[in-house]
Structure formats: C-alpha cells, structure tokens
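Chain naming follows the written order as A, B, C and D, and within any one chain the residues start at number 1.
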Amino acid sequence: MNTHKILIIGAGPAGLETAHQLKSLGLTPIIIERSDKIGGHLAQWDRLFPSSDNAEELLERLKEQVKDVEIKLNSRINHIEKEGDIFHVTLSNNKTYDVSAIVVCTGFDLFKAEKKQEYGYGIYNNVITNAELEKYFKTHQDERIDEPKRIGFVHCVGSRDVKVNNTYCSKVCCATALKQACEIKDEFPDADVYCFYMDLRMFGKGYEDLYLKAQKDFDIKCVRGRVCEVSENIEGKLVIKAEDTLLGTPMKMTLDLLVLMCGMEKAEGVERIQNMLNIKSNSDGFIESRDIFTGLNLTKERGVFVAGACTSPKTLPETLAEARSAAIEVFKYLSIEL
Amino acid sequence: MIDFGFSISKSSHIKMDDVDLKLFNKLEALNPDIKTCMACGLCTATCTAGKFTDVSFRQIILMLQRGKEKEAVEKVKKCMMCGKCMLVCSRGINTRNILLSITRIYNEQNI
Amino acid sequence: MIVEGKQKIWADYQKDIPDDHYFYVRSCIRQSFFPGSEVTFLDITRNKLGKDFYESAYHTTCGGIAYHSDSIPQETAMTIIARQFALMHESGYENYVCSCITSFGCYTETLETWHEFPELEAKIRQYLWDSCKKEFAKPKYLAHASDIIYKFRHEIAKQAKYKLVNVKTGKPLKVVEHIGCHYSKMFPSKGFGGAEYPHVLVGMIEAWGGEVVDYPERRQCCGFGFRQYFIQANRGYSLSNTYKKFESMEPYEPDLIITNCPGCPYFLDRWQYVIAEQTGKTYGKNGYGIPALTYEEVAGLVMGYNPWDLGLQMHQVAIEPLLEKMGIEYDPKAKYKGINNKELGTPINPINIKLI
Amino acid sequence: MRPLFDPFVLPFVISMTFVLLYCIIGMIRIVFQLPKEDRRKFLRSLIYPKSALKNFRDLVNDCLLHTKIWKRKPLLGYMHMSIALGWFMIIIVGHFESIAFSPLRGLEVPFMPKLMSNLYLPIFFRYFAIEDLSLKAQIFSFLMDFFLLMIISGIFIAVVKKKKPRKVGLKRVTKFGIKEDLVRLSLWTIFPLRFLAESSMANIAGGSFFTKYLGFELLFGGNYNETLSMIFWWLYSIDLAIFMTLLPFSRYMHIPAEALLILLRNAGLKTTEPRKGYALAEIYSCPSCGMCIDVCPMSEVKDNYKNTAVYFIRNIRKGKRRRDVKAMTEKCLMCGKCIEVCPLGIESLDIKIAQRNKTYYKIKSDFEYLKSQQDYKTTRPQDKAHSPETQQLSNSATQQLSNSATLYFAGCMSHLTPTITRSMKKIFEIAKENYEFLDAEGSICCGRPMMLTGKVNEAKALIDKNTELIKNSGAKRLILSCPICYKVFKEEYNLEGIEILHHTQYINELIENDKLEIDRDDKRYVYHDPCELGRAFDIYDEPRNIIDNIGLLTPGKSDKDMAVCCGGSIGSLTMTLEERDEITKNSIKDLMHNNPDEIVTACPLCLKTFARLAPVKVRDIAEIVANTIN
C-alpha cells in the first residue's frame, strides 16, 4: 500500500488533516503549497469561534501531526498528465511526481472588500476587514484602530448579494462577527459596538450561547439591516446609512471603525487546476462534489478528491471532518478500486 | 419668511448621533435583561392589549433605543400589565418590570 | 481618505473615447436655465480645441422628461431616440454626444435594452419607419458632453488663464462635485470612475487646480427627481433633498459646486434662495450662497471667457465672490446687459441671500 | 421595718418612667395617624362589650399564652409563654404581695411620690421584706419562685435557640446587630440576676423552694454577705434599666405594641398608609422572630432571604432609604405565606401594597381605547374598519349572551394554556350548562396585575370596563379559570347579584350534584394550592375533593396554607427568571415529596411555571376532570 503516493494540493487545515490521516492509513501523502507558509487562513487568525480557542495552538497541533509528511512550499503545478490511473504531476520547479490520487484542498479566498465599493474599503481610512481585525488581535498593531468609541460590523459582505455575484451564505461570518465584536469590546470597553445583520445564522453548537453572551455580557447591539453606503465626514469619521428593518426606519450614524465581514469566495487560480484535472465548478463558483450526500469528497474524475472549503464555505470543524472522510475515500479507492 | 406652498420636510432618517440614550441607559442599567431581546415578536403576538391597540413590547424597547420615545410612550400607556409577554418571552426577559421602569424613568413632558 | 484607493477605482472605470467627429445634441432645459453653457461647450471644442462637433437643426428632445414623468411609454421614448440616431446617421456621424444627463441615461438605457432584447429594437425600427420614414444606425460611441471636457481637461488647463485657486491666499478652491444620477448610477461602467466615486468632474477640478470636497451626502440626488419637482405639492421633497446636501457640505466651506446635469445646478442654485427665504440660512460666507455652476461654465471661467458672456448672471447665487477669489476681472455694470448692451432687467434683491 | 427606699431602685424607676411615657405617647400618635373613620371605629370597639371581650381573650391568648406559636412549634410556644406569662404573673403577684405585706407602702418613702414607690416596690419587694412564715406569705413566696423558675426555664430555651436554631425547629433565624444583642443579653440576665439577688438574702427576706432552698442554701452555702447581696440588687436594677431604656429602640418593642395591634385589628382596621397608623402598629409589633424567613419562597435564593417580611419591616422601622424599601417591596411574590406563620398576624402584604401604591409613575396609563368596546370580540379599530360584519357579529353575540345564565371568563393567562379552556368547554357541555365563553377571543385584563404594580386608579379603568360588560350580559354566575382574576373579582369588583366561582368550586359542585360521571384512574396526584385560591380564600377542600373522586391524592411536603409559591407569581415585579427558577424547583421538590405521578394545580400561571421544570406531568384540575368524563 505505502507505494501509493497521494498529492494534496494546499497546506491549509484540510490539506494538513488529510495528509495526517492518509499517513496513518499507511499511505504516502505529499503536500504542495503555493505560498511560503503552512496553515492557510488559519495561520492569519487569532482566536476561533464559538469559544475563542487559540488558532495558533490548533495549527501547531495540525502541523505536529504531519511532521513526517513531505511538504513543498512555494510550489505550483505546471502540468498534470493522466496515464491510466497514474497522474504525472510537474511542479513549477520542474520536479515531477507520479501519484495515484490527488486531493484538492485549495480552500477559499476572502471576498475582496474593495469590490463592494459603497463600503469604501481602501478609500476611507477606518474601514477594515475581518481578516485585518484578526491580525490586529494577534499583533495589536494597526494605526486605524485607535481608541474607537463607536464600532460597526457589517455582516454578509460579499455574501448573499447578487450585486457582487455571490448569492450564497458564507456560513462563518455571523459567528465570527459576534466573536470579534466581543473581543473588540473587551479591548475597548467604553466603545459602542453595533452589528448590522440580515439574519443571524447561529446554527452550530455554542453559537447561540455566543450570541446571548455578546448581547448580555458585552452589550453588543445587533441592528437588523444591511449597511447601504459609507462616507467620511469632515472629522474623518465614517458616516453609515442602513435601515433598522425591525422598526422600518432608515438610520444614519457616525462610526470610528467599520469592520467588513468578508465572506468566502472560490480561491484564485483554482480554475487552472480544475482545467488540468477536468473537474467542474458548481453554481457558486466552488468545485463541484460528485454529490452532496454520499460523494462529498469525490469528483466526477476518478482519482481526484476534494476536502474543505474548496467546495463551499465551511467552518473549521466541518473542514477537518471532511478531510478525515477524504482520507477514507482515498484509502477505499486505492485498496478496493485499484 | 416667504410661503412657497411647500417647505423642508423632516428627514425620515434616525440620526443615531443625535439620539440621547441617557434615559435608555438608565433603563438598561436597571433591567440588564433588556439587552438580550432578539426581536422574535412573541410579546407582541400574545399581548392582551394588542388585540385592541398597537402595543408591542418589542417595538417599544427598540423605539427607545432609536430616539422615538414619544411613540414608545404612547404604546406603553396602553399596556394592561397582565404579564403574558413575560410568560412567553423566549429569552426570559422581565418585560413587565421593564414596562414599569419605563413609566418611572421617562416623562411625557421631557421627551 | 486614501487617494490611492480611489485612483485604483478610477483606473478600473476608464473608457476609450474617440478624439473627434461628434454629433452633438442639446438639452431641453439647459438652454433656458444656463444658456451660456452649451454655446461655450461648442466654442471650446470647435474653436479652442479645433474639433469637429456637428449639430443638426432638426434634433428634438430625447423624450426623457416625459418618459420619467410617466407621460409617454417606453416605446415612444425609444422611437424619439431612434429618430435622433437617424439624424446622426444621415449627417454621417458615428459618435454621439449629448449635453444632458437625463438624455445620456435614456440613450444608454435604450442601447442596453436593445442589446438585451433585439426584437424590441426591430419593433422600434418599424415604428420609426412608420412615423418618419427614417432609418437609424446605432452610434458607434455614445458620450456625455462632460466626458469630452474630461478627456480634454489637460488641454484646457494648458490654455487656462485662471486656476481654481484663491489668488489672495494661494490655496486651491474647495470644490464640491455633483454628478447627475443618470450619469453612472444605472450603468456604472458607462461613466468615468463608475458609480460610487465618479471621476469625470473630479478630474476637471484637479486638472484646473481645485481641491475636491468629499462630504457624506455626496452621493445624494439633488432632489429634482422629475415628479418631485413638477408637482408643486411634492416640491418639499425636492427641497429637502437639496437641504440635506447643503447641511452635509456646510462644514467643508466649499467655494464652488460643479455639476454635469441640467437639473442639478438649477436646483442647487435656486433652492439656496428658497432655503434662505424660508429658514434664513445661507451656506456661503457673509450672507452669500455657494455658486453652483455647470462644468462648461467653469471651463469657460478658467479659460478666461467673460463671465457675463458665460451667462453667469442667470444664476440666483451671486457669482462675484467667486470671481474675486479667482482673480477674474469683470464689469459689475455689465452684469444685466445682454447682447448689444440690451438691458435684461435687474432682479429684486431677496431678503436673506445676497445677490450683489 | 426597713425603710422602703434604697438608691439602687433609681435606675429602674427612671428607665421605667421613660418607657411608660414613650409607649403612651407612641400609642396616642398612632391613634391620631389613623384615618378619621378608622379612629372612630377603634374607640367605639373599646367600649362595645362584645369586642371588648374579644379584645381581652385575644390579649391573653396572643400576648401571654402565645397559643399560635404553641400550635406550630410547641417548644417555642412554651419559651414565649414562660417568659411572657411568667413575667406578667410575677408583676401581678408581686403587686398583690406588696399590697398585702407592706401596709405603709408608699407613705414612708422620702422624696418619692406615692406613684413612684408603687412602681418599684413589687419589683424589689424581697429587698424590703422580712421573712414571714404565715401560710399566706408562704403561698406568695411559692408563686413568686414558681414563676421565676418558669421564666428562667424559658430563657434557657431561648439561649439554646440562639445557639442551635435547628433544635427548636428553625433553619434560619433573624440576624441582629450589636444593639439587639445587648438588649437580648440584658433581658436574659434580668431574671437570673433577680434570682441571685433574692437568693442572696433569702434568710432575711424569705423565699420558697427556688430562692431559699436552691438559691440561698445551695448556691450561697447558707451565708449572707451584705456587700455581695447589694451588688446583685444593684446589678438587677441596672440590668432592668438597660433593658427598659433600649426597649423602644429594639425588637422587644413588640411587647407593648402587640397589645395595641390586637385592639386595632379587632376594631376591623387595615393598612392604608405604609408608614403610618395601623402599619406603624404592625411594624412595631414585629418581634423579628424570623418565623417568616424559612417559609418565604425567596429564601431559596441565596441573599434573597434578606427580602423576607422580617427584614422588610425592620428596614421600614429603621427608616432605611425609601429606595431600598421599595426594592424589597417590588421583589416580593405576594404569596402570603409569611402572614400565615406570623405569630402576630402582621399583614405585611398590605404594607407592601400600600408602599407600592406610593410609587410615582411619570407616565399614566391610557385606556381610552376600551371606552368604545362593546364586547370582548371586537378587535383593533383598523381591523374593524375593514370588516363591517364584525359589528353585526358582535351585536348578535351580545344578544346571545343575555340569554345564558352562566358566563365563563378564562382570563389572559388561560389563553396561553388552551388545555384549560378546552377542558372547561367539555365540562360545560357534558354538564349541559347554558354558558357563554365571554373572552373566547381574548380578554380585557382583570386589573389585578395592574393593582399589584401600585396603579390602583388605572386598574379601576379595567375593572370598570369588565364590570360593565359582565353586568350587561345579565348573567347570574361567573366562572373563572384564573385565581389571579378570582381574587380581584372577589375583592374589587362590584358584581352584585352575580355569583363568582373559580372552576375548582364549580367542578366540585357538579361532582357533588352528580352532574359528571367520572371514570376513576389509579394515578397518584399531588395538588398544588395556588396562592390566590388557597391562602387568599381558603379554597383547599374543593380541589382535593375533586381529585379524591378521580385518583389517589397524595400530600406534598407542605400543603394547603403552607404550600410553596410556584415562583411564577406576577406579584413580584423585579424578580428575574433565574431567581424564579430556584423557587419553582424548590416548590416542585416539595410537591414531589411522596413521588406522585402527576402534579395538579388550578392556575394557568402555576401550570405554565411548573411545566417548564417539573419531572412529571403537570395538569390543571379542569383537564384531569375533562379527561375522565365522557
């Protein structure tokens, strides 16, 4: 069995966990990663919802599990050729691998906030993204975050919005927003924190508790209504407009900081890999699974598997669970079908 | 001043910067459970007085937070204090006492 | 404010625009509101820039006002537009430029609709033939007149006599730009800079030395809104919109408002008088208002045209403080003199807003 | 004959004069604070023979014998009786003794008016007396010794109670400050000191089994030491002086105040003002015994026991800030259990209601919208505008109403427990009752919740409207499902000629008249007495009789008047859900004492409150009846 090599594309949580499971099943996984870092988005994050677990600790655990696995950083795939059931993969450094299966774990990209022009990201100083706020929590360095007195969070930025061509829900932003709202309130207890939401999708274990905690202990004010536009006043403060849809009245307020809860989008450059592997996208632009019930980790192409947020927005626990199931699917494929 | 037959109408926007939340903060300090409302509307749906009028606890506390105190108080005045809203509230908010606190803190003359 | 961010967006929303040979159509209302503007436009493009701008005596309204007031159906409006295109075609032009933003919106909307529903275009073709026995060709290029000035803004700056600079302090004038809603809000890609941060007027202001004011209600409509103004009972809405904009721009103390739409300069100008007479409030310094000019008028001013030839006396808000700031010489006595020194009559001084 | 004066009596005489004056002035003040009508009623009751007799009986029973405490906690009863009756008897017998054996009483005392010597002679009689071996004197001596021993035995129990409350059947006792401790210490030591003083010279002054034989012979070894004896007499007098001086400012004020309270109560008076007149008599009568602490449902929540009646009254008496007193008032569930156990029958709920009535609400209620209401069916004006049929419909409904003799009014809360209304409908139909379901489409609140907030006048608008609608119907009987409604309908509504029944009473009546055929089941039921049916109106037997007819009635740990509030009471304005839950759990624990199969209650609010946390099914009594009839 261990003669089989499996190529895992992407060294995020999905890739790492898949590799770990494949290794423990006696196979030889190889991870390739286009960036120079392991961990994907997890490496950028400080704490994880719903219970504010340390992201770094989780990443360390995931890394520890794959310390015997060959990981190629700064590598891209130049070419894939399928011969029988073997994939001949050529990397950007012209190194080639012959692998029996490929697991695509390319994850997602955060929605590019500047695409939602009316929010003025990149134009108004104090408009930041969820990722930037998370970075601030890690480093405490961001000159835009300077003793804010009033902070707003906009949910669903780049999600559920036909005007940016993303009609799906990104699933994690609601919980992330409330987690970050609590954290920033913790940092600036005198600040008023508003969350502008359309629906609060607190579906997972502990999420509703997080919502209640945010309201009760952190005094986070949830306003039902999407922010429609942002501008800057003469003092350089942000002026936002939204409707309080529970009251049916439009409202206007000035903010010192606006955090955009950017949703998930398909990762850039994945299409190139999809073309090489002959696998399709679904209507949301993510990679299409064979079916969502029993073939979640399978694609229409034999020997090509998927795991994690490359198929749709997912939470971390879901991603990790999917990685484990992908390993089983690969094992089953190699031991039974081949 | 000239009468042109039309004039500047008041903006329908709630200007949150101008909303004075001093009284609401007082109310909130006395009744911290007010924060946990998730606008499910059970209180409004079950309201005894709501059968005859437009009383809505959910709207009342929202209006107070948005500076629409006059409208809120008009609704409060119609409450019969029966306590059904307290009995159904899915977040266990002591709605009845909040309504009482409102009648103590807010003053028709000053809003 | 991060200028680089805006520049990035401006770079994303650029359009190639032909250099020369345009078929020019006028606006219905600008000719009476600000009669100097279109003349100045043609004078600058033809005589100062040496371009070919053709105008047909047979062109009409685009039907936009009737269309937006729900007086005529879309097919009628489209047939009128088709006739305009036929005139262009007959004159041998392919580039179409209109003076009016409402028209620009209607033309864009029509072309996009025909693109999506070719059967409608065929129907209109038939209507045009039935009614006028004309055949039209769609313009190869559709521009708004402000696009042209935008394109040649640097040439105009080179020929400029004055700058948008306060000669006494040496500081740039603070200029509010107001874009007509139908310029790019409907089709962001059709305007310079897109819908959120249009560059068309910003480019002119910066090229001519002014400083752009970005205030919170920048995106807000001037309040014209067709129905809102045409019916007297609704005028309060129109007025309130303008009022909201002035309240929002007031802290920036702007010296000038520059616009690219027929209705906007009119309402931003005249409503200042109404606001002053109703509330006693004026937004300029010392009881004056803030001049709200068309981009042609501003171009004319920087190029050294006589303010009265530009028709600036037709504005409600006194223009003199601006002229003095820019160091433009003018003859106060000639303000209300028309062609051949004909007396135009002197307006009555309002109570709350200074005219002279 | 020894001179009938010694300086050591002075501390006692001065303090006794003070306390007597204080009490008399206080009493006059209270009587003057009463509303005019009440005052007249009170004075009349004092001379009217029947009430005077009742006054006498109650004074003896309550002030001396403490029969109420005997009934609940015999040991405590004995403690109270021994001290009160013993002391009283020592004073009375002492007076007779001093009259009998000092013929020159009062005359030979220099610088001392006669009245004064009358004051101290019976108290210090043994100091001035010389042993007399006549039978008459021996009987007196015996009696005096007997009562002294009785008091000391009572004090012994008191000491035990203080150190180990559970020994006398109390979980928690009131906590006191240093001043109260000092007064108590002085009280506890009065009689031991008297015993020592009298014993020390029993060879001269005489005595009986206790002072002479036990005291003088055993304790003092039969030796008389004049200095030592004088020290004891002085200590005795000083101790009395300390007690008397501090009495008006301590809980022992209840001793004189209780007598006044009994007289006022027997005159039929009630609290109208929270800090004046009758309430003041009640406040001073509270002995801070703490009987109410253990029974108060609030005591289940840590720290909340400080809101119990005893602390509430004490805070008023101390003149604590109005805000604090108000907060305590608003926390109370108004279940009335404290009143049931109060040995003095202090109606603390009336004081709380009076206090709530003082609340100043800046915003007044406005029930103008009810004025045009013709029945309970019409909905909001805007809805009405849309459907002209509604008006016709409601007119016919009113006509239909007037034909039926029985009205059913479910009340607001019952609309959240449709099992109750459905069951009642079934019962009505099977009993072939000609009834009209008055508020089938929603009620106008009965007004009790409003009254509990202190908005009495505003509640009046609701009461008036309901009265009008019910009276217009021409019905003869009104059946209610909600005890909250029941209480206010009974107490505040003027529905002359209409019999008001709670459905427990009505169903019981049907069963007694064999109107319902019940299929018995073998379930074991426990019945929870809703506060506003049980303690408020003593409706204990009807529901129990109903359950007896259906299944096996098992008692809870505390039943009937000792039933524990479910915790849902709208009586409390400020209690949080978490606090209420603790009370509910405790109440359920109490009900589950004998492991019943089901909890039965007769109040929609109790039902909803229990249903959240009970381990077994909770049902309304109407539902179990409806399920067993066909």
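Things worth noting here:
Keep this in mind: a contact is a pair of C-beta atoms (placed from the backbone, for glycine too) under 8 Å apart; a residue touches a chain by one contact, two chains touch by 3 or more.
The shown structure was predicted, so the numbers you read here are calculated from the model rather than taken from an experiment.
Considering the contact criterion stated above, the chains in touch with chain A and with chain B alike are C. Chain centres were defined as the mean of their Cα atoms; on that basis the chain farthest from chain C turns out to be D.
Here B is the chain whose Cα centre lies closest to the centre of all protein Cα atoms. By count of C-beta pairs in contact, A-C exceeds the other of the chain pairs B-C and A-C. Averaged Cα coordinates give chain C a centre that lies 85 Å from the centre of chain D. Rounded to whole angstrom, the centroid-to-centroid distance between chain B and chain C, based on C-alpha atoms, equals 46 Å. Taking the mean of the C-alpha atoms as each chain's centre, chain A and chain C sit 46 Å apart. Centroid to centroid, with C-alpha atoms defining each point, chain B and chain D lie 39 Å apart. By the definition of touch given earlier, these chain pairs are in contact: A-B, A-C, B-C, B-D. Within the complex, the chain C residues that touch chain B are 232-237, 239-240, 243-244, 274-275, 277-280, 351. Residue ranges of chain A in contact with chain C, taken from their complex: 114, 117-118, 120-125, 229, 231-234, 236, 239.
Every residue of chain D that touches chain B in the complex is listed here, in rising order: 330, 359-367, 369-370, 373, 378-380, 412-413, 415-416, 441-445, 449-450, 452-453, 455, 462, 568, 570, 573-578, 605, 608.
Residue ranges of chain C in contact with chain A, taken from their complex: 1-2, 4-6, 8-9, 194-197, 214-219, 251-252.
On the side of chain A, the complex with chain B involves touching residues 200, 211-212, 215-216, 219, 221-222, 224, 241, 244, 246-247, 249-254.
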